[in-house]
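You will see two complexes here that share chain A, one where it goes with chain B and one where it goes with chain C.
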Partner chain A sequence: MDVDQTTVAQEAVKQAPRGGLRRRRRLTAWLFMVPLLVINVLVILGPSVATIYYSLTDWAGIGPAEFVGLQNYRDLLADGDFWMAMWHNVIWTVLFLTVPIFMGLLGAFLLSQIKRFQMFFRIVYFVPYIVASVVNAALWQNILDPTRGIGSALASIGIPFLDGVAFFGSERLALPSVAFVNIWAWWGFVLLLFLTALQSVDHELYEAARMDGAGRWQQFLNVTLPGIRPTFVFVVLLSIINSLLVFDYVYIITRGGPAGASEVVGTLMWKEAFERFEAGYAAAMGLGLSFVSGLIVLIFVFLRRRGWEV
Partner chain B sequence: MYTEISRRQFLARGGKAALGAGLAGSLLAGCGGGGGGGQVTYWSNLEGSGPQDYFNKNIEKPFEKANKGTDLKVTFQPPEEMDRIVRTALQGGEGPDVIMTPGPAYAQEYIDANLFAELDEYSDQYKWDDKLLGWAIDLGRYEDKLYSIPYQLQTMLLYYNKTLLEDKGMQPPKSRDELESMAEELQGEGITPFAAGIGDDPAAIEWFPTVFWNHYSGPDALYQALTGEIPFSDPVFVEAIELFNNYVQKGWFGGSREQFFSNGIDAVHVDLGDGNAAMNVEGSWFLAEIDGFFKDSGDDWDWAPLPPLRRGIPAELYELGLGSTISVNTRAQDADGAAAFIDYLNANKKRAAQWMAAVPSAFNAPLPFSESDFPASMDQRVARQLAALSEATGKGNFGYTAWTFWPSKSDVYIQDESQKVLTGDITAAEFCQGLDEQFAKDRKEGTVPKIIEPGTA
Partner chain C sequence: MSIFSEDRQRREPSKIPYYVILVILALFTLGPLVILVFNSLKSKAEIARNPLGLPLSPVFENFSAAWTQGDFSTTMVNSIILTGGTIVGVCIIAGTSAYAMARLDLPGTDAVLLYLFVASAVPFQLFLVPLFFLWGTLHLTNTRFGLILIYWAIFSPLATLLLRSYLVGLPRDFEDAARIDGANELQVLLRVVLPLSWPGLLTVALVSGLATWNEFFFAITFIQDDNLKPVTTSFLAFQSNFSQNWGLTSAAAIYIILPIVVLFLILQRRFISGLTAGGLKG
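This part shows the complex of A and B:
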């Protein structure tokens, strides 16, 4: 055995316990993961598999389920109410991709310019997000009441244009009005995300831009937006998924009315499962919605792999 | 004060029923028991520590005292979640021994799933056929077997602000002509003829097709349609919906069509109490809380039967409804004890009358009452309503509520699609045609509850 061989052998001896240690560490890590895995299997994987199964059955929500194959999905494709509700989800998504993001960006930018009272405003804007949706909804139901709300209050001081307007009772206004209430609760959260992202943008970049003669708007476009792009994309993804899954504000305020004018897939699914006793069909509807959400996530994953900073 | 709630309000207010049960418990203390000597579980949707403590003290303990060896275990569930919790538990092989449902259509779903025990043996034992109203107990029969007992009887009434109408020199309308001339006059004076709104519960729109079909189309036509003899697309049903639509478009219900869709139920009640509106079409459950809405104004209120809207319809006609039912779980460990508990709650006229007088918004026993059955402490308007309902239905002058006699899918169709008539998305004829198609499917699936014939109560 020459010197080199001796060295290799000694290294191998040293490596052996290191490999064992690595394996032990991996094992320990997995052991720590086991409780989470078990919980996930129980509360996510199990119900998911059950939902897939029930979506293939005619099931009232109680009692035995009768296997019907893909019939629920065929019915879903031909269900006008479902597509109308889905269209409302699309409108909702468009609203959430524009209004709160614009307000959040603007608010974050303005807040980043001030030092005093910044925390106060952060709290004020964030509070609606942490208040229960039922409380927010009740608040706005009262404010927008056609006879006792802000419309009649303004009318009493000579500003009558909102008097008698039934925001939640009009087929034309119900969906955007409910979305407005939800946006009111949501945008403060978006603002905080953007504000945090803004604060992480290197200030030297702004100085460099200013030295190059960039104005405020050009700084925003060329420094701020690229600097917060990961947060921006995250907010966009979150807004889309939340919009597809929206349920609480619609259910509390209008229950999808009037005449289905604010019906979204979430509330329609609830009706199918708990009012029409069509739990199998509701499961198919839920999976249809999950499919769309999954597709959007996949698009983001695809873009990321193509080199987008998302 | 009177005690009754709707199926619609079952989840939100059903807990008060348990409070009523508590009072009944105290009244029934000392009665002989028929329990099987085991544990009986009962889920109550009663809210608040005060009412819950009251229930424990006045129903749980007295029942156990009256049924030696039976341990009544009461669990309080969130009212809004009650039905879903029960459903999930039953599907998982669990759930209480005594099951409360929001009405016969729900009960039938459970019966189809073999989750309710047959009660005929207990009916014989406790003589429920003799004690309870015949038509009411018939509603709990499926394929000639008894599975559920009505718990809360209801009907639709015309409430009115008595002070306001007296000031205007008006009486509650007794015909369509009177109703329409009153509505026009009131509206001309800036008063909404009928406080109405479905803002926080769009499904409550079913009250209105119920009322218009009964008081325009009539119970005979409805009986024929519900038993498949004539279609719901018959002009007599279409015209009734057109009339309802016409009244809404005129702003007679709620002030305007959009306000009808927007007004919440509290706003409706406030409008009636404050005199912003003159009348209100609502179920008998409103008797439980109507007083509170007249306190601020100091006005007086009363009720009247809904007027006939077409010739040939009885002047005094009450739609029959059941707000909830109670049954015994097939998996009950002590089915005898569970049946004893149902009998304890429901089947004694004197005790039930005292209970109904003492506890607002809890209970309306399916028993044959006359006004003299109720204690003097009971509000006379409430006693009059209960006696009138009992007497009129005894003569066969009854109609049908959508939430009791229509199968659940047809009922949901009425709730959803009748809104579209008001918005102009579909016509009344299209709505009735669609209902007929849905009802035909329900009939084929065997989900139509038992339909009792007018004149057979």
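This part shows the complex of A and C:
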């Protein structure tokens, strides 16, 4: 059998009937794709399509799903909890579009200007990104503890204004505090993306700008920023999408609390599906969230097609 | 000329302010992790007196207590099985499909590439609900294999894209020679391409291995059985049980991050290039 195939292949090469050989290779090519396609259809594509159907049903997750048309979407539009969670995602997005991008840009720029210890700083800034979210959450829960954390430590040296502040327990502070922890773990990654981009900016452009008498700030505005624009746009897109879909840190630290003060759509949907057994409603929420994030990606693609060079 | 060079020298600013800011950022980044290490070395009594500072009388009993009370002998094995199974599967799935696209002139490669881009960026929320109940029907919830299947699916699109671009950059001469000598495609893949593509596979293994070890969302959703939980979700339960015993929870946290940090320090260039190449996730 093996010998037979080999002879056929050799014949094919010798007599060069290119068509037959090519057909064989095409068949082999699709054969090699089978594992990827099967696992993708089973886990991602199939359930994604099923989400569309289940979003139109009243379904507890077990038993038959009752078709209810667009009722889930009407409920969604009237659901105050959903809009509150969406608003929290918007706040989260604003925080992620400002703080880590500023810190990443600053750090990357400074790192690109130095030689000694550059590698050391790069490694240090990146470490929180590779540490598990449960660990990062736990260490900040300790540090920001109202009675034994940084607040009481500062109070003991005469700076009392953070003493007793329950960062994760107060309705006013829970959302920004959780976002802070996530930003702490995330910004080093942004820095690295920017640093890679900065290092590929042509040095002669800086020389030319200096010749023209441009100061450091002008060099930054006129050489650095245009040079890293594709990366900058990518980071902006990534920040928006990640902010819309955020789940881990919110679920781990506050579970959306207190009293929904840090609830985001990701955690709300999870609760609807697995705690309140409103699987149909959760499917509608998941589809809505995916629709919004897909729309944002499409806007970026559209702008790029229109020649915005974003 | 001399005026110009003098001018340049004068305007060359000192780098000291740069280092000051960089050190502040480094303290902000490393400080909390250093406190974690400090706290793992403190007894309960010392934590109460000194919750954030240096351990004045270091003890190591937290580590043995955390290992047994956190049931790490079970959860470490679970995490190793999940991570190992994911790495092997993703390398095989992404390896064969990347090979098909880069080398076997797969018809419709452009469409497949587009699908892979979309699949690697699809929000989990889009397929989570039906997937959960499908897995229930197939008796795959609360099994490690069920979770590994999900990891294969969500990590393989990006891994395929990475490996494909790696393979496209490799010369084809050796493969063509092997084909002329009568090797079939599987033999070409295993004997010729595989030995050449290990750097690409290593990157894929590191990226998907790191993602699996740290993964939380699917692990918390699909595994409730304590005997099957990985270290991450098990740690969350452990931490809420012992929320006041910082020494114990800090020691447990160190068990989780030590393998990753050590591996990262050894292979950091490859880690960083792999992770920045695969920036778009989730």
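Annotations
The definition used in the following text is that the second predicted complex is superposed on the first by the 273 of 310 C-alpha atoms of A that agree within 3 Å, B and C clash if a C-alpha of one lies under 4 Å from a C-alpha of the other, contacts with A are read in each partner's own complex, and residues count from 1 in each chain.
As a convention for this text, a residue touches a chain if its C-beta (ideal position, glycine included) is under 8 Å from a C-beta of that chain, and two chains touch if they have at least 3 such contacts.
Computed from a predicted structure; not experimentally measured.
When both complexes are superposed on chain A, chain B and chain C occupy overlapping space and clash. By the document's definition of touching, neither partner reaches A:V223: not chain B, not chain C. In the superposed model, A:L198 lies in contact with neither chain B nor chain C.
With both structures placed on the common chain, the touch criterion links A:D145 to chain B and to chain C. Of the two partner chains placed by the overlay, neither chain B nor chain C lies in contact with A:V68.
Contacts of A:F32 after superposition: chain C is touched, whereas chain B is not reached.
In the superposed pair of complexes, A:A108 makes contact with neither chain B nor chain C.
Touch criterion met: A:F274 reaches chain B and chain C at once. Of the two partner chains placed around the shared chain by superposition, chain B is the only one that A:F168 touches, whereas chain C remains out of contact. If you count the residues of chain A touched by chain B and by chain C, you find the higher number for C.
In the overlay built on the shared chain, the residue A:V178 is in contact with neither chain B nor chain C.
None of the stretches 61-69, 205-213 or 223-231 of chain C clash with chain B in the superposition except 223-231.
The intersection of chain A residues touching chain B with those touching chain C, taken from the two complexes, comprises 61-62, 145, 148, 274. By the touch rule above, chain B contacts chain A in their complex via residues 83-84, 87, 90-91, 109-110, 112-115, 198-203, 255-264, 267, 276, 408-409, 412, 416, 419-420, 422-423, 425. On the side of chain A, the complex with chain C involves touching residues 5-6, 9-10, 13, 22, 25-26, 28-33, 35-36, 39-40, 42-48, 50-51, 54, 61-62, 103, 106-107, 110-111, 113-114, 117, 121-135, 138-140, 142-143, 145, 148-150, 153, 184, 188-189, 192-193, 196, 216, 234, 238, 241-242, 244-245, 247-248, 251-252, 265-266, 269-270, 273-274, 279, 282-283, 285-287, 289-290, 293, 297. Across the interface of their complex, chain A is touched by residues 13, 15, 18-19, 21-22, 25-26, 28-30, 32-33, 35-36, 39, 47-48, 51-52, 92-94, 96-97, 99-101, 104-107, 112, 119, 121-134, 136, 149-150, 152-154, 156-157, 160, 179-180, 182, 184-185, 210, 213-214, 216-217, 220-221, 231-233, 235-236, 239, 246, 249-250, 253, 256-257, 260-261, 264-265, 268, 271-272, 275-276, 279-280, 282 of chain C. Across the complex, chain B is touched by residues 60-64, 141, 145-148, 164, 166-171, 174, 254-261, 271, 274-277 of chain A.
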